[in-house]
């Protein structure tokens, strides 16, 4: 087994608002191994971005509150660290890529300077080395004519190029963990495909661990080794990318997979939808937070929160449907058909070791 | 994933009946309906400084209304006791003509507040009209209107005011005109900025696709949404006007005797600063307190309205 | 039998900026929409798809070209009175469910706004009934009428926007990226709602989006836009299964699928921009499937 880089244990994050305390993250636990990509997927308000910001200790306090849990990075708990100690870790060990490349770059500073600044701050290079390394980084992230770009300002680049610069800055101090919060959401699909390729390529070369936050299941399928599905501040299903996409166990995951049309679905079949909208996290519902929207909800779902049930060594799901006494509810037909069609097209290796 | 050994307690069989989703809970909205202004109010009352400013302002305005009516002295009564320090009879002392400073402060408050509020109100009307027309029309009209405003700002203000007051004889009306000559420009600029951003909002486009005319857009969309910024600007214009009034009075261009504004009182008090300091102290104190109170309320309002803090 | 064309756009140009240095947001496009169908308009940001929609509904004064709506050229209408008549028939659904609803208005004020503008349903009770009917048509409850926009979730807000667009009972709706700001599970709800309303009310849609899988799913025919021009137009299935224009091919190859196995094997087809020099011709490769390019280009692409 690869060594663990990050271990999050029972993390709770609350926000104080005038309307009450929002329980944005309610007991999230996961681990991340070296060199792998964990995708955290969920809808807006599911707590996925709060979780990733919490890892960087970027939750403003107030109104944010670290209400419980641990964030172990290389075995060291980040929660009690103060700003000064965190500053050493940010950029150096953990770097972050945000959604909007324009707002994460300083518009008044040349691109080259923004990269070398990170290196010098963390004493990663001498001043003369820094420039050479910055140009090399720009080259690595696929920016043509890096020497010329080095002396340009962010507004002189296109959106895709800017996101490449953001990635170059994130890589400048050679971090062990890269957190990417919807890094391609603001980009066009063709640019998105390029950025995803770039990120996978870099990860392979540098053995960086990546936490990839997104709402797009297509992107998840493209980048992830493992997936955590979040709903209402909790991880509801957790497994390898194949397990989540081909053997989903949680009804919310079924809903997500079913509500996305793929290029093969025809206009005649209505999309499967998840009715309603996510709950208000000021007063989360009793029991399973997904129950009111779940057509397969059991009586106990409204009474008691389900534990994480183990499906396999790597696959867990938080639904009472996995209880030995629960009725056996199959994956909805439309979702199952789609999975079957994928798996048939898929390679034989996968078919051979079928679930 | 850290997972404790799963010890499944035995649950009753009926716990696993499929009961399905609950429509009622899916689309439940919050119990109480909170309008935008209620939300602003909640945030405002959480700001202690702003609430303090508001209370202070209420007291000042209340006193200005009540005290001159119920007091045993009139603001122009000469009581024959000159330059008395504060005492039980004359709480803030008396001035060189033997008038009770406490009553004069509140009579002066009426004048100062009246000038400030009227000036701000006139600024509001001219500024909102000018700014919204410029912002809505855009293009050349906008350019001409805003350049005109720029030219007016460039004229040396004090010179114009002094000439105006000298020509028209000091008094309330010239004072207000003087304050409004350039006062509205700030409001016009702010309203224009708001209008420019609001008019490209999708809800305004939507109203246009429904066939809405300019009048409908202004009444239903532009004004309600610019109201916050207008209100803040107005609360911040009033203290500026009060201050300018005091300043002009101090130069001797204020309302004529025996009327008193805080500015004229401070101006007179200044002459006797060394011997009778309370004659300057009280008007100066109330000018400062009022300006502070208005600013605190204005800042509080702005924070309460700031969309970045909204959730 | 020839199907009725409810909308026909001929040589539409929409330029911004100065006459000497125009920004050609939409540069000479022509297409038509049959009554009762959905035409998808796809392309990447800045390709002019949203501008096209806004020009058609006359939020802009068009630079050149004709927009025939039910046979009448609406591009040349100047008077607001005449525009008002056509506003009843053509409506728009906007992208951002937050920006498209006035935060100071309640749901019933938003939905009933058009009634004030057109002087309809002056009777209070009748108006309340009509608003309630619209709310229910889009899957909300009549109890929601008095709530303010910010109290609703993104999906619910978009439903209110749809109810507003339906309030005048239009026959043609331009949906400008109506789902791109919504969550996946909510997107499906809104798309299903749009399809259901189309069937019930015999609506025609111009569906503008950048999400190709959704466009494919909802559209009968698709037009692909690139840099202000249409490069390919045809039946949805054909565009997806047999794209002809290299840009369409590139675009399709970039859409990620919720299928890890095929994602791992996927090859992206890059597209390099080609300057158009010479006259663009329209070539019909199969019935109703058109590819646009110069004679030289078409030859290079093997068409």
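The first chain written gets the first letter, and so on, giving A, B and C; residue counts start at 1 in each chain.
Rule of thumb we're sticking to: a residue touches a chain if its C-beta (ideal position, glycine included) is under 8 Å from a C-beta of that chain, and two chains touch if they have at least 3 such contacts.
Keep in mind the model is a prediction, meaning the values are calculated, not measured.
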Note = Most heavily contacting pair of chains is A-C
Chain whose average C-alpha position is farthest from chain C's own = B
Inquiry  = Taking the mean of the C-alpha atoms as each chain's centre, how many Å separate chain A from chain B?
reply    = 47
Ask   = Rounded to the nearest whole Å, what is the centre-to-centre distance of chain B and chain C, using the mean of the C-alpha atoms as each centre?
value = 45
Ask   = In whole angstrom, how far does the Cα centroid of chain A sit from the Cα centroid of chain C?
value = 31
Note = Multi-chain touching residues of chain B, meaning two or more other chains, are 27, 30
Shared-contact residues (touching 2 or more other chains) in chain C = 156
Ask   = In chain A, which residues are in touch with two or more of the other chains?
value = 275, 277
Key: Footprint of chain A on chain C - complex, ascending   = 44-45, 153-156, 183-189, 191-192, 195, 210, 212-214, 216-220, 236, 240, 250-263, 265-266, 268, 271
Ask   = Within the complex, which stretch of chain B touches chain A?
value = 1-3, 6, 8, 11, 13-23, 25-27, 30, 39, 42-43, 46, 311
Task = Can you check the complex and tell me which residues of chain C touch chain B?
result = 54, 57, 59, 80, 83-84, 87-88, 90-92, 94-96, 99-105, 110, 113-114, 116-118, 140-141, 144, 146-148, 150-152, 156, 161, 164, 167-168
Touch list for chain A against partner chain C, complex = 43-44, 159, 188-190, 192-194, 196-197, 215-222, 224, 241-242, 245-246, 255-263, 265-267, 270-275, 277-278, 342-343, 345-347, 350
Key: Interface residues, chain B side, partner chain C - complex   = 27, 29-30, 33-36, 201-203, 205-213, 216, 220-221, 224-225, 310
